[in-house]
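One structure follows; several queries about it will come next.
Should a chain be cited, it is by its letter among A, B, C and D, assigned in written order, with residues numbered from 1 in that chain.
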């Protein structure tokens, strides 16, 4: 049993913690948090040990009994998944290092922090035994998920993608804009480079704009194939050979990110999460070019990747496909079609 | 076993159907729907019989095998819960009548359609054995839930409420406004009168405005007590004696409808639903007046009411408290504090 | 000619500066600003002298030639209108005091800063000759505008108001929420008390919630008259005796804040501003109670108040009605109906 | 003096009417409208003759005296600008034809209606003397404005554009979505083809998604040049040789469509309109590829195009540059830099 701690218990942390608790080869040691909030209250009520990541005052008067400090938690863990806010993870690295504890960081931290960015289908093997790794961001994970199968099975010359970014998570109410479209004025955007941390040498260029919505990011992706002959069926087959991609059709009323998320809620998963990348089947495949829309549930798509990263780094499973299948079965993600 | 059909499978219908399936004294005969969509696809994939409410063409090419027509479904039912769009329910009444089938309508239909509007805590007894009833709307249910305990336990002179309405449901993308506040220019609004269909003779007056959000309605309620002496503790006790009210505190980060819904998702319920009315504990109780904010999850709060209405109308349970306790246990709603 | 400087050149500052420039008894000395932005660029291109409120570096490379520092500007002014962000105004007071310069602060500063809060119709006379005053906030101004005529002409027993607040200004993109309703958990809200700084002894209580829109605040106001006999006509007459109130009818398509602002743009005023408080005529007057909806253009309604405050404090006009008429003519605000 | 009528008095119609009234070679005969609303009330109060486009009942009780019917207006006109809702224009064509009156339709109508689509810089000459023409839509106008200079001056191999569409106009409150991103599932979108109606043979492909905002459309455009050697300065020069393009810099705080529109309001134009296409100067020019963001004020950018179309069709000015200069001077659009 891999002993796992989760540092930071927000949007990603609480989902990773729940996913860890579902694995039969992992044990959730506890969560670490700066102070009390409603998320931590629910965690405590479920019996998850709560450690204090800062001053214990943050829990004063909450009635929650602390299991110790962050340092105490780290000592009990084989690996910590750091889900603290962007930039804080980097500051925590030395703590993990000193304790001889493995650690996974999230996509808000720079690639240089670990020199190893992770996506299960892309580079599981390279993470085996690693001390530190970084699971790439929700957008990068989304791009890697649908691009890698095309690259491996059909061959890609180049990728261009436009990212329509949701501006805040559903539970986050401080950030705007309320009524504006905000271009990422840095052209091209950093997302393309980040994809290359898990799919090296890919010719990819991205641009992005932020819009006033909370549910999902939307990507418009244009792939130029390396050779002629890849038709719609070939594309669907390449995607069908992997888990973590789910196809939607406008014909059955899924016309926006709103219905995708409603569909996910209907599936009955915890929190209505969609771990898969949602792809609309109204795509265009012409000559050597494929264009498609996909949507990314930013709260959830990196969760199975974190679970696989734990397994790879702790060396309990060396076969990517086996880890992915195990993770996905536990989370209710539908398995790929068997050949 | 009460044989229940659900006509209409949208936001409310799908939730009522799932709730019926959880009851040990009910059997879900099936759902009726005009045509194919993603919601029906999931229902079919779960093995729920699908009946055609219109022309079978609506399902052409969908691959879903129909269990029959709406008429066929009605014949097999003791009671139908009509969850069709506003105004359609009224047109369906004669169909149910002809088949000798009981029917429940939703709050979009007028009180006059059944002359019996229903809220479990308010008037369960009056629905026992009834052929037709109408479960009041989400907003009316929300007001009745917190007002009735105060009226019964403490005595109310008058109620004034302002309703900040969400403009569309999360899965509904056609309606606006996108950037405006829209007053309900009819002053007072119809909600007050609707509350009186379940709490007769209450002196209540309401007004409302629509705003660009999808998650929950928000109510600001001011209650004038009939007598002196009701303090904060008395209010909390009155509410604590009933289920279906849940208190929130801004101190733990629940500062808007967004965090309330995030909390509900953390609870692990299907679709992240909140059946309870969310009340902020930052209320004011002064002299003879109480003012508080509450939020209503419009997709979910009427679901347990529909289940209780089924039980009352079919006469299998004549005690309101017992039906409520049974319904709530099945849905994971926390029971009231025992005295 | 009153020599007026404007410190802070954001949403309010730029409008006050333009309004000052329109007055034949005032001269705009210039504006002071911390650093360069698009607003200041336009000001400079119009020939308005720009003073540096902070380090001159804020203007480095902008090509704008500075007219001096904030201190330089203050020295040349009879009065400064401080339109800096909330809280900054208070820090500036000693600077104005030292220079012997009068100053007006905005509603984000506390009443205690000046002990004199200003609204032209409410208390013009009390500001005559004052060294410091504070123009009350957009919401307080909006409430005072429609309440005062009723109080003076008809007599008020009490006022209850619910404020649906826009969450950010149109040009402000950092603040949320994007999809939530946020109650002001402090019950009652501070707005009622603030109204009493300009209408003393008024029995008023307010509550508020913030919603994801940028255009206008919306108020639902219920006024209880002191005596019987005030009907709809009496109310319309009381309002008609003053400027700065404008009536709208849902019948001609003005159904939300969006159409009110579109109407204002059609009027052809600079920036499409609505200086008046917009009141819907679909109000309810019954027995001794009046209920109505009004909308407040938060960017603009305090602008004429600032102009009147300048005139009162500098003592060039001691008659409120004359100053109001003069201000409003210059801004294109329609005059009251003459009796 | 060209006698011009405007049929339809909504977002576009009212702006075209005002622009016509500003031209010294045109006379506004009047506007035609189906019924009364606040926009028409303002028009009437300004003395613009109002004609009834439908049953005169639409104006019953409004107090506005009608100047006649739509047919009456058409008889008095040399040309009518049809600004009726999408699809209605096509139905009106025979009316204009019968009366021997020229007519301009808007971009919501299909190109096939007139076989002549118009954009001033693209094909002014081809409209000289034409009976019927169609001014292309706001998005197509926006693309043509920045693409044509590059094509003519530098040579283009291909264009790819992603369009982030505003979902509704500021005054339109019925349409959603409120919280979703909606892909245009038709890939590629129709916009590319529409650009070819004014820039024939251009290799252009577009895709689009709709987002919950009202202010402006946003385009991300990637242009592949036909030859090497076009650098940033060459691009800026090409754009600088034409009117109707305005550059913005993120450095001065213009970071989204919200600040662009605030800037336009600061310019002091009627309704705060921006007739120009707003282009961010944070663009990328590398090797043979240029990528940039631009924003389109959908309420306004086609207005000057309609004025030029009138002049071309009525044959009073055969030189495109002269008409553009005249139009732009009247509207306050800054002229191109003189070489």
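In this section, contacts are C-beta pairs under 8 Å (C-beta built on N, C-alpha and C of every residue); 3 or more make two chains touch, one makes a residue touch a chain.
Predicted, not measured: the structure shown is a model, and the values here were computed from it.
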Chain labels contacting subunit B and also subunit D: A, C
Furthest chain, CA centroid comparison against subunit C: A
Pair sharing more residue contacts (C-beta pairs) when C-D is set against A-D: A-D
Distance between the centres, which are taken as Cα means, of subunit D and subunit C, whole angstrom: 35
Separation of mean Cα positions, subunit C and subunit A [Å, integer]: 47
Distance between the centres, which are taken as Cα means, of subunit D and subunit A, whole angstrom: 42
Junction residues of subunit D - those touching two or more other chains: 170, 172-173, 177-180, 182, 212-214, 255-256, 258
In the complex with subunit C, residue positions of subunit D that touch it: 14, 36-39, 41-42, 62, 170-173, 178-179, 214, 248, 252-256, 258-259, 261-263, 265-268, 270-272
Subunit C residues touching subunit A - in the complex, by the definition given at the top: 167-168, 170, 172-180, 182, 212-214
Partner subunit C, residues of subunit B touching it in the complex: 160, 162, 164, 166, 177, 179-183, 185-188, 207, 209-216, 218, 220, 222, 250, 255-259, 280, 282-284, 291-293, 295
